[in-house]
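Two complexes are shown next, each including subunit A; its partner changes from subunit B in the first to subunit C in the second.
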Partner chain A sequence: MRYFADVAALARKDVLLEFRSRDTLPAMLLFVVSALVVFHFALPADTSETAETGLLWIALLFTALLGLARAFVAEREQRVLDGLVLTPCDRSAIWLGKAIGVVAFLVLAEVVALPAFALFFGPLSWELVAAVALADIGLAAVGTLLAAMAAAGRARELLLPLLFLPLVIPIVVGGVGASVADHPARYLGFLGLYDAVFAILSWASFEYVVTE
Partner chain B sequence: MGGTALAFYWVPNAPLEGFRQRIFYFHVPIALTSYACFGWAAWKGLRLLWTRDRRYDLESYTAVHMGVIFGILTLLTGSIWARTSWGHWWVWGSRQLVLFLVLFLFYAAYFMLRFSVEPGPRRANMSAVYALFGVALIPVSFLAIRLAEDLVHPVVLTHDVGSKLTGSQITTFLVCLAGMLALAATLYSNELAGKRLDVRLRELREALQ
Partner chain C sequence: MISARGLGRDFGAKRVLRGLDFEVPRGGFLLVTGRNGSGKSTLLSLCAGLLAPTAGELDVEVDRGEIGYLAHEPLVYRELTALENLELYGRLYRVPERRERVGMLLERFGLWDARHERVGAFSRGMAQRLALCRTLLHEPRLLLLDEPYSALDDDAAGLVDALLSEVAGEKTVIVTSHDPERISRFTSEELALG
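Presenting the complex of A and B:
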């Protein structure tokens, strides 16, 4: 199917570019580990485990922001986005390809971040890992769309966090809930709902964001 | 406009349990009007994306502006009510207040988006998409806040108005609601006319040069 071939090509392009230039992913990895170290110093001695888990989610959120800020930089600097929009592929394929790339980067960052968290703070539960996986989808879906919007503006580094943070508050609620609550299934279900709603919305509206 | 005057002067006549409960007649209609404005903005945004007719952009923008103004008023009146009911200016236990805080942040970012992008069809499209995301966010956020209550704030605070609303209170409430909606509609059409005039003026100026 042409559509998925396009998506695969675009995702592959982003991942290959990243492995050749190696600028975003190492930054994300270093950032998340540094953030965890800062959290250790920021928390008083008798902080509960739940507070530490909450801070992990904050670290993940800001790492995602870091990665997303770079998501459309290449497209903008080298006018690739115009070229992409002109190709005879569905514009939402651009979004899907880009979002898959973002998910890949987030997963790679978490492969480092989660063991680091387990090392510095305490053991992880499988619900937390499941929640992180679901949250990645939501963060990538919403973040890719907002990164495209911010890329069109002037103060793009300032704009992306402002647009991003209010929209992902439900992800934080779902993620932290799934990690610490007694009945995590509800929160995991909620994360799934968020992912479904906003992925569909982003997929459908990306075309309007990049075209006139 | 007559409706708003009526709402403002008629309210004190209704018998109430306590004086501080009167703010309910302002706070809830303001909140409902704010939701209505955001819904209107999303509808206009959808029309813009459907028809690509640029005039919906200003309508959507003005509606978001109205929604934010009423949202700020909701937060202020809600804060005053929280202070009188529970002694604090801000309570995380009040679902509506927290929801409005999240929405306020979201729609405030809308203005940042608009001011950051060059005027044109691109900006109109993005604003419309953002307005649509806003109304999707309203129920999702509400659900999130409800779920979060178990985690962050075990005490859920509600106002005790729901159970025993007498006839006169209901009428007063409905009049206030109608008044608030009328106020919003008036401000909206005023501001929209002003903005359209502004755009026209700019076009004329550019045509003369």
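Presenting the complex of A and C:
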């Protein structure tokens, strides 16, 4: 129970920090809506649904990257991570609290992005919404771990996309597949499996990322 | 409580500490002096477990939750208030009667009236006083204090004097300072680096 109380306190802190600083969420919202507007005007009228859906996933992926690039800014610039690491709380609670915050920001960005996609490109299917929800968990799980690794390095602006984008290709495959395939259940199952595997790996390895 | 044998730490090609031997018994008070860049802060980071030695051995016989670490930075969130920062740390350190303890420390270090202000609006001296509150919040057994007088005015420096006098002999303390005369009356041992 203490573990989850720590996670809740850390996640609440991240939401409060964002509410105060407004550094991340407005940038994510502006980016995803702008990207969809650009795609709307760049694509010819007879573009296939598959291509449109693929572009939505690209927009969502880079929106997540934008949020993740800022995920550990406060901890890095003020060295707060050192303070958190010294507390007796399980270090994976720091990862889980941060990942929950990232999921919350992604969901808020998608609350705007998905209706915008529907407006520009056509109605949303339940499979697409389910795939986005599952993808959020995987993106946050992997992305939070990599953001913490990148925060400790010098070339962090370069390091995060270099590590993140190859690792989330399965999410794009599963997300686009679930959105356009005749049998989306297989792809949704694949996304769920990805979430489970990478959440466990990230949870277990976070301690080694934040300590020498 | 702390013993180092041949302790060394490199950052890439740069050797910051090398061949350091010292012991600090339980209740001991070690003053670490040295010029800028001699490795004083690195030594405290090693003792806190935030860095790993690249040579030699370092044994610190306390759990990480029993360490009070005062760094150059206050290790608090600028967008949170002083009270919110200490509440967060108090939760994570499982401080019993957290609110009373936080209130007592804020009073002691003269930050009670500023408790609802964001730390980003604090002066350097106020941030240092908040950092001292954070360091002492969980009543640590081992205190690692990096330049505790940094940015403090005379009144606040007097509070640090009182604190050091109170913990000398009670807790194990390692302090770095550019002002050894001020601290030497509390110390049992001195280590000069570089």
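One rule holds for everything that comes next: the second predicted complex is superposed on the first by the 212 of 212 C-alpha atoms of A that agree within 3 Å, B and C clash if a C-alpha of one lies under 4 Å from a C-alpha of the other, contacts with A are read in each partner's own complex, and residues count from 1 in each chain.
Going forward, contacts are C-beta pairs under 8 Å (C-beta built on N, C-alpha and C of every residue); 3 or more make two chains touch, one makes a residue touch a chain.
None of these values were measured; they are calculated from a predicted model.
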{"item": "Touching partner for A:211 - first (subunit B), second (subunit C), both, neither", "value": "both"}
{"item": "Partner chain(s) touched by A:26 [first = subunit B, second = subunit C, both, neither]", "value": "neither"}
{"item": "First (subunit B), second (subunit C), both or neither touched by A:122", "value": "neither"}
{"item": "Per-residue contact with subunit A, leading partner among subunit C and subunit B", "value": "B"}
{"item": "Partner chain(s) touched by A:194 [first = subunit B, second = subunit C, both, neither]", "value": "first"}
{"item": "First, second, both or neither for A:153, with subunit B first and subunit C second", "value": "first"}
{"item": "Footprint overlap on subunit A, comparing subunit B with subunit C", "value": "211-212"}
{"item": "Subunit A residues within the subunit B interface of the complex", "value": "145, 149-150, 152-156, 158-159, 162-163, 165-167, 169-170, 173-174, 176-177, 180-181, 186-187, 190, 193-194, 197-198, 201, 205, 208-209, 211-212"}
{"item": "Partner subunit C, residues of subunit A touching it in the complex", "value": "2, 5-6, 9-10, 13, 16-17, 20-21, 74, 78-80, 82-89, 211-212"}
{"item": "In the complex, subunit B residues that touch subunit A", "value": "49, 102-103, 105-106, 108-109, 112-113, 116-117, 120-123, 125-126, 128-130, 132-133, 136-137, 140-141, 143-145, 147-148, 150-151"}
{"item": "Complex contacts: residues of subunit C adjacent to subunit A", "value": "48-52, 63-65, 67, 69, 71, 73-80, 84, 88-89, 91-94, 118, 134"}
